């Protein structure tokens, strides 16, 4: 039915199966859009956020998806700038994932702010001291870069390729790709860092506050590193997931191994720095602000296990696994390790966004908990549905995996 | 043929420019007539010889009284002065019924803007005309132009849709306040002018 | 050419916790003065707007040995590294150089709530709902203060409208400086126990400066280094120890503010 | 020329570019941003000349002087008139928002008939004349041997006198006042002194040792100015005040007192008698002076019963250690002047026997008639003659009322509908309420005649009944009176066929005050005092009153009686007192059982309607508890199987209520505190009048005794 749009030489599921896959996700998207529109129309009273939990599920989601989306800039950086040609087979999928992650983060942010119609004030009256200004500027620029990076991919669609002008345009864009990759890497580097800085600068929240290195708090660098470690893992996990779902080999094993190796190396560096940072914070930063660090971990569900989990099972273990060549060549173990990396980053973002806000500051403050409302969850679900839909459509109609045809030919 | 082809984008451009520069301003503003006509010139200068402060006074505590209440008009206009229809209607509908006239104030800033007349008149020694132009010598009240979206009077934005200021008093946006304050005041803060 | 330089002051407040009875007059007077609308039906202490809020704090002991104190908390008007100001992406928060007042500009605010996460005193409040008064009650709104819209953050600004009024009064009498008696925030005026003192901390003759320099004075979370301009007084040591967490305290469970 | 797709695209692209080079998108962006600031859904502030006006707050009898700031003649903020003698620059949060009540969403817009379904109260409007005629019809055609009654929520006003004069002409006519602690205290003292019609005030400003038995002195019990004076007295260099508060409940007064005696629920009589015992034992001179020398007629009986209240027994009963009791007793005996005050809580009065014991202890301590103790108040003259006797609802025979008028909003929760219901005639009755709003009592009426809201009419303020100084002032109207409101005097005129104006009656009373010549008139702005003789006529005083002046009269120096009956004349009081030596079972939380204690702020917010803005302290912060929160000790809560923040049901023999659990380790184990005050959260909703009364029929007991309740998770 839609064969004429499907890239040549690849097998795709019959149209009805594709629809059966798409429609439920589309339903989730609609439900989520309803929830989000309630928040826009009725106001943020539709959420369970409050004056103490000013940030909730959405900010947590933003920080996490943007960390995952780091695969896009980092793969581009490695491929175009560091000339790691072996990553060529996943660059397209990385770009799509990046676009999904970043665009959904921006969409959620638009629901999250109280006055979206005034959001452009940040560009008009920017406060250059604010990490959020940095994030906003970089995000906006980077989403443009991602669209530019995504455009040639769209133009590679079978039907578009019939238009000669598009072909020329795509070719020209391709020549420029290293430039965009460089810009993207630069922007991403900054906003990944600024997202970390977002909490690291909170002097009033000693749980999150960190000493400055240069003009940035240490979390700036830790976020960049952890995002760079998570990005390849995310690309790996998603590619593997798509392989399983479509029952096809899409890239060669060595690509997975490379992604795993990069992830593992960066995670190791990250862990080292994170440990140093944690020790400095426990023994210096926090007590000097009047907060004995052990107090943070005396609260109900937030014991020291959370710090331990972040560093050992979700840090050290996958790092060691990924540094081992045997593990990297054993797909199930490799995927497990990548999932652990992602879990670690997820946990890290959770700790920084949610735990920071639930911990009391004033001595007579209570410890607070927060459960998102269905509208928040729906918006969250909409983002996932949007991602699945965009990826599914891209996968079906665009040549995401250059190696796919080759592998299919060999296997046949 | 090529000429007609290249005409298409030019026509498009022209349409766009026309829509933006001519249609848009007319659609954006709606005009409302004042409830009654008022002749400033007849009251001031060579007319009745009154000054601005006679009607638009500053109170004891420095608060600007704004537009005078109907009781103040009634001091002279208990009975119609002259025979104009407007005057008769004014006296019958407002003065004699002791009803305030719902004037549409050209210079009215929104609730969140704070403008202390006394500070500008007493401390900065500004004349009324600096901000209000020749309103005091006008012989009638022009229709009030209201922005359909923001609800502001057009006088706040200024007569030019492009926001180009032709006179000091043409347009009183925040930027206009700032341009003067940045010259005369070292310590500026939003809360100086916002309430 | 700059012709006018406003006389600089550093407004501050001193609250005597030994006199506060937790009656809530300050909270209500503040809401009346600043056109804070009544809470909606399902509002809670976590979603409401109370620029001035009275907490009950205790010494952590259990019945019958508990000692409690009422602590009114509003924007502490941080003077150094003002946490909320530095994080606002679009300059909707500023520290007035002439008065030291930390101002929040609702018209500029986009409602990202980053400042609320940044404020350790929880003194910032978000408009979760549209501002709404019961029918007819708009007539009882303060004409000197503009109501805020849904989706923005607001907080105490030491009753800036009263500062405006005081400046007008000064200008009308030809004075350059305002009369301290003309500028008194609503909570200070409303406190039946006269527990709150307000004035210029830089004016060494002011009562507030003398109180802030006294032995009974302390500030909350002073070690964070934000230099708040709101001081608290108590002659009870355990109350003064509430200032910082590092003063070791055994916390009993579920202490509510 | 042919229209092609490409041509159209080009045209559209070019016009888009053209628009970009015009102000349209940019100004639109700007205007939309401004629209978010000035949209029509954001209320506009009022405009108009700014003025100030002086008046008196009439929300409670405290009579604080207020200065209203007005815009265009309409008040927008209230503050205390600083230099005024009444108020002295202090206002409570309720008074600060008194001008909001006129806009209360539950305000009645005209005479209404009330329809009650199982869980709902609805109103149908009818004309004032119709309402008058129906009430007059009920008066004229009432069944034989049934009477007319007026429940006066705020006795002592000129209007109260008119009610009493009207009732005196009916047979029978019952004039009913709330059966509160003031009344019971006066009864107890009258019993002990053998004198009737006593009116006493508490001279707390000069007391050195003040023992309060559940009296919420820091919780709206009196004018804020007097509370401030109490705090000042703490720092008095010469004879500082020591405030000891006995109450099983943790309230603001418990927190702020110098010493909190957390007595077991229901043990207040034991505490008072135990302290009496200690005072008599350790200070025989006191005992001799007041009990022997002054020919106390019942010395023997008193001593016998006191022997049952040894410190050991009392310590066991109250849960207060023996040495603490001894110290309190010693402080009362030595740190003079000392005084014991009981009750005064909005949650209901303390029982009569306890008041008798408190009166005895006060007499023993020499507090009665001494500065710093209980002083005789001057009395306000009443212009009416031949008035019906003052009674309480308990004095009225069952089934004897066929027309009942409930005047005003309830100030305390001491009169509950259950106690009234049985007094209504089974052969038909009509209940009329005159309140601007539907409140707990008026919601039970058949017809409501909404009286004007505060500041809409010249209302009389008779002054704080706990004060030794008597005062009279007028709450000057600041707002236009709402169409459809009816002054109670208009109803009275219609029923009695007279036509007296309230203003004239007020002036008559002022003339009587003027004629007596006692007291001072304090000016409205500076509080400057003027002797009554400086005023030529009542009219002149009236004009001063309208500008916010107040008449005050100091306490009378009457010599105390020579002989007392410490046991009063109440039969079998000795037996009843003796029974109090034994403890009642305490709720220990097992099986979810607790002793439920009612709490309420005693100010005008206790039972009536409050400004919608009061959500700030009832709902948006934790300054005052609402009816929605049940507070208990964590141990108690856990034994009941509930945790902090849980939704739970609290059930007593008279009803149940859904609550949110709040833990507080500062509460006495085994008890649970529940507010009976307003809950803006349910204000005006079905649930407000429906089955909410877990304290029904139990408020006649002391609020400190509490009721047994079961708490379980919802």
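A, B, C and D label the chains in the order they appear, each numbered from 1.
Here, contacts are C-beta pairs under 8 Å (C-beta built on N, C-alpha and C of every residue); 3 or more make two chains touch, one makes a residue touch a chain.
The structure displayed is predicted, hence computed values, not measured ones.
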| item | value |
| --- | --- |
| Core chain by centroid distance, with centroids computed from Cα atoms only | C |
| Chain whose mean Cα position lies farthest from chain A | D |
| Euclidean distance of C-alpha centroids - chain A vs chain C, Å | 39 |
| Averaged-CA centre spacing for the pair chain D and chain C, given as whole angstrom | 31 |
| Length of the line joining the C-alpha centres of chain A and chain B, rounded to whole Å | 52 |
| Averaged-CA centre spacing for the pair chain D and chain A, given as whole angstrom | 60 |
| Residues of chain D engaged with two or more neighbouring chains | 32, 35-37, 39, 44-45, 47, 50 |
| Of all residues in chain C, the ones touching two or more other chains | 44, 47-48, 55-56, 58, 106-108, 130, 144-147, 149, 254-257 |
| Where chain B touches two or more other chains at once, by residue number | 59, 61, 63, 110-112 |
| Touching residues (chain side chain A, partner chain C) in the complex | 43-45, 49-55, 112-116, 118-119, 121-122, 124-127, 129-133, 136, 198-199, 201-206, 287-292, 295, 356-357, 361-366, 368 |
| For the chain B and chain D complex, residues of the former touching the latter | 4-5, 8-21, 24-25, 28, 59, 61, 63, 65-66, 69, 110-112, 147, 149-152, 157, 161-163 |
| Complex interface listing, chain D residues touching chain C | 36-37, 39, 41-48, 50, 71, 74-80, 89-93, 96-97, 99-100, 102-105, 218, 220, 224-225, 227-228, 231, 250, 252, 255-256, 260, 262, 611-617, 619-624, 633-634, 644, 662-669, 680-681 |
| Complex contacts: residues of chain D adjacent to chain A | 29, 32-33, 35-36 |
| Chain C residues touching chain B - in the complex, by the definition given at the top | 1-6, 8, 94-99, 101, 103, 105-108, 144-147, 157, 160-161, 163-165, 167-174 |
